[in-house]
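Both complexes shown next keep subunit A, but they swap its partner, so subunit B is in the first and subunit C is in the second.
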Partner chain A sequence: MKQYLSFFRIRFLAGLQYRAAAWAGIATQYAWGGLTILLFRAFYQSGANSFPMEFRALSSYVWLQQAFLAMFMTWFYDNDIFDSITGGGVAYELCRPCDLYTMWFVKNMAIRLSRVVLRCVPVLAVAAVLPAPYGVSLPADGIAALLFPISLLLGFLVLIAFSMLIYLSAFYTLSPMGIRILATSVMEFFCGALVPIPFLPEWLQPVMYALPFASMQNTPFLIYTGHLSRTVALERMGLQLLWLLLLLAAGRLLVNDAQKRVTVQGG
Partner chain B sequence: MIQLENISKTFRVARREAGLKAAAKALFRKEYTEIKALQNLSFTIGDGEMVGYIGPNGAGKSSTIKIMSGVMTPDSGSCVINGHVPWKERKEHVREIGVVFGQRSQLWWDVPVIDSFELLRDIYRVEQQAYGRNLRELTELLDLGDIVRTPVRQLSLGQRMRCEIAASLLHDPEILFLDEPTIGLDAVSKIAVRDFIRTVNREKGTTVILTTHDMQDIEALTERILLIGKGQILLDGSLSALKSRYSTKRTLTVDYDGNALGEAEHITVLQDHCGHAKLLIDTAEISVSQAIAAISAQAEIRDLSVTGESVEETVVSLYQEFAI
Partner chain C sequence: MKLYVRYLSMLLKSQLQYRASFFMTAAGQFLVSFTAFLGVYFLFSRFHSVEGFSFPEVLICFSVMLTSFSVTECFARGFDAFPKLIRSGELDRILVRPKGVIFQVLTSQMEFTRIGRFLQAVLMLGYAVPNCGVVWTADKILTVVLMIIGGIAVFTSLFVLYAGISFFTIEGLEFMNIFTDGSREFGKYPLSVYGETVLKFFTYVIPTALVQYYPLLYLVGRSDDRRLMLLPLIGFVFFLPCYGFFRYGLRSYRSAGS
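Presenting the complex of A and B:
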């Protein structure tokens, strides 16, 4: 356990070094969050009744999305891992008495968390002082406040477990770009990053929940805003857990198979 | 104790003809060629041995090292190292080995070397006391001093390689695999690295397996060499035995007074110019003393030296003999 912690630490600390990038990111997120909310306001003004979420809840959803962006962004991958697989550096990683899957999983967590730590507080702080209904509100109730962090963590782990599959695909394809781009666009839509899932057509909803992507950012943010009733919230968290276990198992199988097929070229 | 028996490994390589048509065809059906990297490889290496593993490019050296270090799984055959099968009990196995791949780096690029060392300490769960002792020792022997506090990206290749080697020894491995550890190093760094490897082998009894193209490495370090070619072990023996077997030729360099040397039986004159001559003899045909006698009968010898074939030349003749 300690080895993975130190691994996490060195990666986390390295991630904290990029302060200029963090400030630039924060600025982008204010702008992006603000624009999204204004866009939705225009829609709401044309008829608020036709929308599944209250505007206030939507604003919270958008600001949470911005604050925790680094945890859930679908386009972000650690190029070190791809390079290590395609370039053969993985030879060294396999010479360590560590589990490759856990090591890379932890590495991903560390990078994303180091970015979130720098960005989420300034974004939330500003969003909290914005006048209602444009800012972020407090969690809907005590239960929501309690369930939110758990669901947030589950969603985060689901996302990483899924991206592990993309990393591991590099063992089979040599160039991971194709799968990466495909996965990013599918995820971006199906995880509710573009439009919150409740806004999508009724008939599409079962499809969304049959895929792992809705169990990423969608569930914790909807819990926070009180959009989900208590029972539904618990159900969805169960679904998150289920997806997490399934994806972890798939990743395990894949890494075991990939390890057998490793051919380190050159040298 | 390292025991390999009948290890085989085949790679599949996608191939296609040049041109657009062939590329379009390859979209639907790829053609693969099988490359037999290793074929029924067997050898045994005892504890504390220092073995040079040589062979031309593509012979299967690195593949063997990768199988022995648990990175790669062979198609068939058995390999037991200190009681572990590397690819089956990878974690237990790698705890007891150290590896340096000369062409890759195990240090973190952006951070000072010492941070990488500390991470390795945690990864291998080295006791603080043992770590401190090893670090002190390695720092002294490899002359690391201030280098360890410098970010890796600012180190010269020689400095980095010394750090790489130190990094692979922090956890007191019983076996050290060195895959081209002196590649690209200057003469001074090469000698430092060689001295260090010798010291580790002698004082800690670490088994060392070294692959290299640098024959001076082999000459300076190893008693035993394994020659691999086309995926098979071609030779397994001591360096001196090999040298005497493969080089019966000697070059005689002579400074003399008198007329130019005439032809003599079994002596080939390579050059002869103003009292300075280079002669080639084959000791299977004529002994060195007979040759000297023959020369001194012709001229007054002022100075004379006898040189054998260098290891490099021996290896080239080996490669030629086995047509690899």
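Presenting the complex of A and C:
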């Protein structure tokens, strides 16, 4: 356990070093969040009745998305891991007395969290002082405030468990670029990053919940905004847990199989 | 020019060596912009119009931006990857060769997988052109062509500006994404939907609106002013300050040595 904690610590502290990058990122996120909200305002003006959630709730959703972007961004992968698989460096990692899957899982958590820590507070602080329907509001009620962090953590773990499958696919294909971009574009749409899921047609929504992607950022953000009733929220969190267990099991199977097949050439 | 074609075919051949990876990436590029299209489609199936623009009208705007962006990303990719040239010291090698810097940066890298994005843009244009209710006279066709060419000019200028900034900082570059990726992402819609301030910014500071919103007004018949048709050409003027900044950066460039 201690070893994984130190892996986490090293990566986390390394991630905290990039302050200038963080400021540039924060500036980008203000602009991105602001423009997204303005776009939805234009849609709101052309048909307020068709708007599936309150405008305030949507603004909160968008700002949460920006604040926790580093936790849920679908396009980010640690190239070191891909390189170690394709380049053969993984042989060293296999010699270490620790578990490959857990180690990579923890490293991924650390990189993403270090970025969120630097970025989420400034983004939320500014979003909190924006005038009424455009800023981020407080959680809908006490229950939402209580459930949000738990669901946020679950969603985060689901996303990493899924991206582990993409990393592990490199053992089989040796050229992960193609799968990576395919997975990213599918995830980006189905997790509600492009357009929040409530805005999609009714018939499509059950399909999205049958996939693991809706259990990533969508569930915690909708809980926070109070879009989900309490029973639905608990149901969705159960779904998150289910997906997490399934994806962890799949990753486990894959890593065991990959370790059997791995051949490292030369010395 | 002959040399450029030689480079072009060389890079194309080398990328086609990894055929499976090439087509997978191109398919991925297609899928990325296809999901973006789905987002727009589903929003319009709910709201029908935005700021008075209909779905086919927005699609014209979207496909013009996507065409310009994918062409720029394919051929001016070298500027997008310019920070890497600096960091790896490759730029020093470029500077001692007897050819222009711009030429060499352009030929250092090309991304032909952007054909996926391009294809998506062409498909959308193919759908929007007969469905948007515009009577396609010669000057309307010319407007679309000018919008695309102007778009390429604006995106290329932004890439050159980006490369120029990377002479001074490599870490803080992410904010440039607001202008490059931001123009592509938010330029899907006519920039007036974001309100007046944003429109002014994208008119006077970064001239993205000049290649999409204003000529679009003429195209769909919201305005009869023919001068709007020629506004995309200002995109070429925007290249001058960007190139000037790049030159300035290049002059103050000091290599880190071997």
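Convention: the second predicted complex is superposed on the first by the 265 of 267 C-alpha atoms of A that agree within 3 Å, B and C clash if a C-alpha of one lies under 4 Å from a C-alpha of the other, contacts with A are read in each partner's own complex, and residues count from 1 in each chain.
Simple rule for what comes next: a residue touches a chain if its C-beta (ideal position, glycine included) is under 8 Å from a C-beta of that chain, and two chains touch if they have at least 3 such contacts.
Remember, it's a predicted structure, so these values are computed and weren't measured experimentally.
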Fit or clash - subunit C, subunit B, common subunit A:
fit
Answer with first, second, both or neither: which of subunit B and subunit C does A:Ala128 touch in the superposed model?
neither
Should A:Trp32 be classified as contacting the first partner (subunit B), the second (subunit C), both, or neither?
second
Just subunit B (first), just subunit C (second), both, or neither: which does A:Ser6 touch?
first
Touching A:Val232, do we find subunit B (first), subunit C (second), both, or neither?
neither
Which partner does A:Val186 reach: the first (subunit B), the second (subunit C), both, or neither?
second
Contacts for A:Gly88 in the overlay, against subunit B (first) and subunit C (second): which applies, first, second, both or neither?
first
Touched partner set for A:Ala20, first subunit B, second subunit C, both or neither
second
Using C-alpha centres in the superposed arrangement, which angle lies between subunit B and subunit C as seen from subunit A, in steps of 10 degrees?
90
Which chain makes contact with more of the residues of subunit A, subunit B or else subunit C?
C
Quick check: superposed on A, how many Å separate the nearest Cα atoms of subunit B and subunit C?
7
Intersection of subunit A interface sets (partners subunit B, subunit C):
none
Per the touch rule above, subunit A residues touching subunit C in the complex are 18, 20-21, 23-25, 27-28, 31-32, 35, 38-39, 41-43, 45-47, 50, 52, 175, 177-182, 184-186, 188-189, 194-195, 199-201, 204
In the complex, go through subunit C and note every residue touching subunit A.
18, 20-21, 23-25, 27-29, 31-32, 34-36, 38-39, 42-43, 45-52, 169, 171-175, 177-178, 182, 186, 189, 193-195, 198
Give every residue of subunit B touching subunit A within the complex, in rising order.
11, 62, 66, 69-73, 87, 90-92, 94-95, 97, 99, 101-106, 108, 110-111, 115, 118-119, 122-125, 179-180
Could you list, by residue number, the parts of subunit A that touch subunit B in their complex?
2-3, 5-7, 10, 14, 88-92, 94-99, 259-260, 262-264, 266-267
